[in-house]
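One structure is given below, represented as structure tokens, and several questions about it will come after.
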Amino acid sequence: MRVDNRKFDELREVKITRNYLMHPYGSVLMEVGNTKVICTAMIDDKVPPFLKGSNIGWITAEYSMLPGATVMRKVRDAARGRIDGRTHEIQRFIGRTLRSVVDLSRLGEKTIWIDCDVIQADGGTRTAAITGSFVALVDALYKLYNSGQIGSIPISDYVAAVSVGIADMGPVLDLCYEEDHKALVDMNVAMTDKGQFIEVQGTGENSTFSRIELNTLLDLAEKGNKELINAQKIALGSIGKLIEENKIDLGEDYEK
Amino acid sequence: MRVDNRKFDELREVKITRNYLMHPYGSVLMEVGNTKVICTAMIDDKVPPFLKGSNIGWITAEYSMLPGATVMRKVRDAARGRIDGRTHEIQRFIGRTLRSVVDLSRLGEKTIWIDCDVIQADGGTRTAAITGSFVALVDALYKLYNSGQIGSIPISDYVAAVSVGIADMGPVLDLCYEEDHKALVDMNVAMTDKGQFIEVQGTGENSTFSRIELNTLLDLAEKGNKELINAQKIALGSIGKLIEENKIDLGEDYEK
Amino acid sequence: MRVDNRKFDELREVKITRNYLMHPYGSVLMEVGNTKVICTAMIDDKVPPFLKGSNIGWITAEYSMLPGATVMRKVRDAARGRIDGRTHEIQRFIGRTLRSVVDLSRLGEKTIWIDCDVIQADGGTRTAAITGSFVALVDALYKLYNSGQIGSIPISDYVAAVSVGIADMGPVLDLCYEEDHKALVDMNVAMTDKGQFIEVQGTGENSTFSRIELNTLLDLAEKGNKELINAQKIALGSIGKLIEENKIDLGEDYEK
Amino acid sequence: MRVDNRKFDELREVKITRNYLMHPYGSVLMEVGNTKVICTAMIDDKVPPFLKGSNIGWITAEYSMLPGATVMRKVRDAARGRIDGRTHEIQRFIGRTLRSVVDLSRLGEKTIWIDCDVIQADGGTRTAAITGSFVALVDALYKLYNSGQIGSIPISDYVAAVSVGIADMGPVLDLCYEEDHKALVDMNVAMTDKGQFIEVQGTGENSTFSRIELNTLLDLAEKGNKELINAQKIALGSIGKLIEENKIDLGEDYEK
Amino acid sequence: MRVDNRKFDELREVKITRNYLMHPYGSVLMEVGNTKVICTAMIDDKVPPFLKGSNIGWITAEYSMLPGATVMRKVRDAARGRIDGRTHEIQRFIGRTLRSVVDLSRLGEKTIWIDCDVIQADGGTRTAAITGSFVALVDALYKLYNSGQIGSIPISDYVAAVSVGIADMGPVLDLCYEEDHKALVDMNVAMTDKGQFIEVQGTGENSTFSRIELNTLLDLAEKGNKELINAQKIALGSIGKLIEENKIDLGEDYEK
Amino acid sequence: MRVDNRKFDELREVKITRNYLMHPYGSVLMEVGNTKVICTAMIDDKVPPFLKGSNIGWITAEYSMLPGATVMRKVRDAARGRIDGRTHEIQRFIGRTLRSVVDLSRLGEKTIWIDCDVIQADGGTRTAAITGSFVALVDALYKLYNSGQIGSIPISDYVAAVSVGIADMGPVLDLCYEEDHKALVDMNVAMTDKGQFIEVQGTGENSTFSRIELNTLLDLAEKGNKELINAQKIALGSIGKLIEENKIDLGEDYEK
């Protein structure tokens, strides 16, 4: 049995609280077990230099942990004067994943800033950040759409992400910190509702893994992401419906 | 009448949620109206260089705002590579205020890290940070005391802080962002339960103020801090009692 | 008696040397006892981004200490790659204070850079910086006025600042380093010639203070600032007269 | 046909020049087509703080591109004052991969610094860096072994890495810059001689990919890495033999 | 005899490899004995702010050492977050030297970026950087000329640089690291083919030197630079001829 | 005639004020015409890492300009977060020059910090900094000697520095800003009282210079430095005598 009595292919409890903060266009408190991440989506009317004049938008993500999110106090990047490598890696991952399901050319010259701030960490913070940010992003796009700033919601599909890994007891889904810490293999997988992969990042932690193990991990990730997308659908309710229609009409187009 | 229908000497609703996070020794969600600050207190077994070998402890504070806490997204200090002047000013204020009621020589060579992260800002974030941090600090000291790491709770008195200012309608207590933004004079006052001042910071914002106005503002601050300390006492319950006894026995001593 | 034989309400010797340097529009060597600060005012034809196109000017201040100004060599901010918190706090204080008596809308889109470089420190450097900078600022504005770049001198009143505090012997005016170092309460007060307050910053240094003590300190500050403004008037001579007329005609207006 | 007339599953020409520089313990010029990377391995007798006193060693990697390596001059990280996110991501990838086949406990308290400097870039620089660094690492460990500083060569297996991706024409092995630039999916795969995976990093570049496509890409990566490891074996000659024996005797052990 | 059996006035073997990299306009591998520097010249269509609208071009140089270039690994400037003083000094030297023989007004508003990356260091890296960069610069200017981007090659003369110094055995030419390390006096001299000086930088390393010694060193530098310029002429072949004609026609003019 | 009516070989007025500040061991206000530099020497009981345990001391120099020292306000290095290349170059020059006449092994494990802060700039700031710092250094060493912290004053000779250059009217001594700004050749020369050279830094500013011109410049520099050293001798009075004796007894020794 796992440390928290879950089955090997069982997610922790997932809780998605929309409109968590009053100021941002979209804001979500994403909880996966004890991992809690505030995800916000805010709109900026500027784009990065490489897109100026292109009529194409951009989505960028930043990720951070509160000093009190972990057992040992995490020194602030601001106090150290620079963003550490792990943070860079994670925020690039989040940004790429969300951009892959948004038709940026239908956004116009806007930047959507995604901010993921981990207020409590217990493993899987980057994947919780993606799953929660997607919901905040949809809320922000919906407000843009509703206020006539964009003509349609330019999302081709749902996106969620989950961690899988090889623990003492073998391959498991959604590792908590205690499991993650000791895992031989650690993999983060972002997927769409159609079952397509957006990102697969698997690493042997001072270890290696076989093709067979890789396949088992991918099976677990498919199961987990399907359940997470289901939670997103429930949280989004009728707004989610718009995406699902969109998915058929626009996504097809977009993927060509 | 004020924008939110309060009387000139009325605080916004105060809510203190203890044990808000699972990892820190002390953690509080401090809410004053729509202003929400996560305050944590964590223990480090090292002290700054100037205290090494002195057997004296230290309390230091850091303050930050989530990018999504404000209407316009706040650029992260970490992304800019340096902490801005306002943040410096605030975290020095918080640290000084808390240190003034703690007998650091009874702490031993430990540093208590206070972290104040504003998740939603609506004026008065620095004073909410002080009022909330005090409760997190007490919880942390109580755990140290309870586990035998310190022999007594080295606090001489309660501390709260409140903002007062001169708005269009005259002097008011506890300004929300809309009021603060337009105030002619802005003052932050930190006080103890005994009614002593710890810090008074008053500034004419492109304006000046008379001695009479100053006195009115100080009266309002006294009223506000008394109510905030009452809320701290209710939140701390029986642990607070320990401080009150302490206040009599140890505080006297300490203030000499 | 105080360490330097002064009475409790006695300023150190004040010396204001105008036109100390050849290049800046205004430059002052401000001496208060052994504390010596070079204060300069220089004109830049740009304004910060938030004022572009507004036809409003700006005043900004920077403060620094030479490494040789103190007993222990002060490491340069440039060598450490960042400005420390204390410096941030002080330069914000100087800038706010000077801006509060200048009608920036009559300056046009210009920035006045105030630079305060402490060449010798013996307590009260930030207040000496304000008192000296005001004189450099007047000289710079007078040159702008004289050369037709502005139509009037947009100053509504004199400004000086002084430190007061509670030392061993009780409340005292204008603390030297040895007194400041051991003071229980330390307060910096900036005032106008009309006796209005611009900024009050009082801090219990590991201590607290009563309302009565606060009032005594404010009395001392009023006395000290009156004398400092007198020294400014003598130093400025006939130029100062222009401000005094201005104070009546324009200041009234400005303060509305 | 591909832009350079290769078959879809064909590597570019691979050239491994050992002892390329005179000072480092190991140094390799790694060439894969027009991509050229100088890989060095240098020994430091210190370990990072978290390993002090543990008798365990460490391997860390840094990666950089010369400004002249690319068509558009790449601004130096040093000139910008910080390492960019892509560089962070890459050097963490290189370090993890090499550490996964080294028994750090047999190294003693030493750090091996791997430096990968791209002097000419034409796609696949990070994977060329891994494949070349492995050879430099073996040379460095062999010198440590030969001079009696370590008792055995603590490597459990060969490591190489290759990029695969989905180009216009479908899945291809070892993308050059022109292909990489337009690829819909981009994947970097690090493997051992035994066919185990160390790291799989696949990303849909504004696109997604199916499980079937993922499998085809992994097949290509297995083929490519087998050929790259063959080139390493030829380059290392008799020293490589030591690893192969090691692989049987020590690797088994190590993987438990 | 010298450590490498050279005579006191003998250069090490000089090797200039043109077109060393595929992307830059000009690229040279400059070898002087074991010192190896990659020198590239790249074109940017922007100029620094102080030249905007002037129709004048600019040449700027950057210098760096690979971590593996020296016996003790050199920490990257990027990792330390700032460029060290020695690097600043060297890159300013390279830029000034090259600019002194180029008529920037005939370049138009272009910046030529010179990058000198030392891949192996054995003394004299900054002078090798200048000698090699000159060749890369000529190649870049020739390509600009050949493609009609500039009307003539705006170079007034060849430039080379060499180090001389006072070693144990007395004054010597072209010091290798072992000699340089122990030299009492170290001097770098940049000269033109006409025998004019561009830069003379002589330093007593914890020592001093007489006017007579200075003269002997300058004699050696003249001899060395003549030989280096000869090597440049051979390397440049027919392109060099263009400079020599230019030297007569345009240089005269230019030097007025 | 020169802009300020000097002869081509005439220094500006030189004024050396010792004991300018109260805290440092040595402090000098060095004035050369309108150029004014505060030079201080402070003692630190630590040495840089490379000297720990060697029983050898160190001298290091920092140089800076006040923002108000120049016509156009100079942005502070601290505000930009890094020291610029010119400053690096200058402070390395000052440090090397002073170290060359001090027997660091007789200093013990102390660092002498030399700080040169230009309060008013009119050309020749770096050479004035050296000439003034030497006097501050002697004062500091004398205090160390007098208080028994060192057994003798470990200086082998006087050091001064002067700028020479080729202006419109030909070679001139001690250029003021207006001359320096337009000079074709600019040279800084540091020398000892014995007429030995410590550093020669000559640069063609977009120009070149002949061996004959170089010789004329060196003649001027010799004359200027002799006069500056004379001014140092007068300023130091009887303390200078100690150096002159020292020069005979210890210097001889030291230079071997």
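Order of writing sets the chain letters: A, B, C, D, E and F. Residues in each chain are counted from 1.
Here is the rule we go by: contacts are C-beta pairs under 8 Å (C-beta built on N, C-alpha and C of every residue); 3 or more make two chains touch, one makes a residue touch a chain.
Since the model is a prediction, treat every value here as computed from it, not as a measurement.
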{"item": "Number of steps on the shortest touching-chain route linking chain C and chain F", "value": "1"}
{"item": "Over-half contact-pair match to C-F, picked out of the listed pairs E-F, A-D or A-B", "value": "A-B"}
{"item": "Whole-Å gap between the CA centroids of chain A and chain E", "value": "51"}
{"item": "Distance between chain centroids, defined by C-alpha means - chain D, chain E (Å)", "value": "34"}
{"item": "Multi-partner residues of chain B (at least 2 other chains)", "value": "81-83"}
{"item": "Ring topology as an ordered chain list, initiated at chain D and continued via chain E", "value": "D, E, F, C, B, A"}
{"item": "Complex interface listing, chain F residues touching chain C", "value": "21-24, 27, 34, 38, 40, 42, 44, 62, 64, 66-71, 73, 76-79, 81-83, 113, 115, 117, 119-122"}
{"item": "Chain B to chain C touching residues, read off their complex", "value": "82-86, 88-89, 91-92, 96, 99-101, 157, 187, 192, 194-211, 214, 218, 222, 255"}
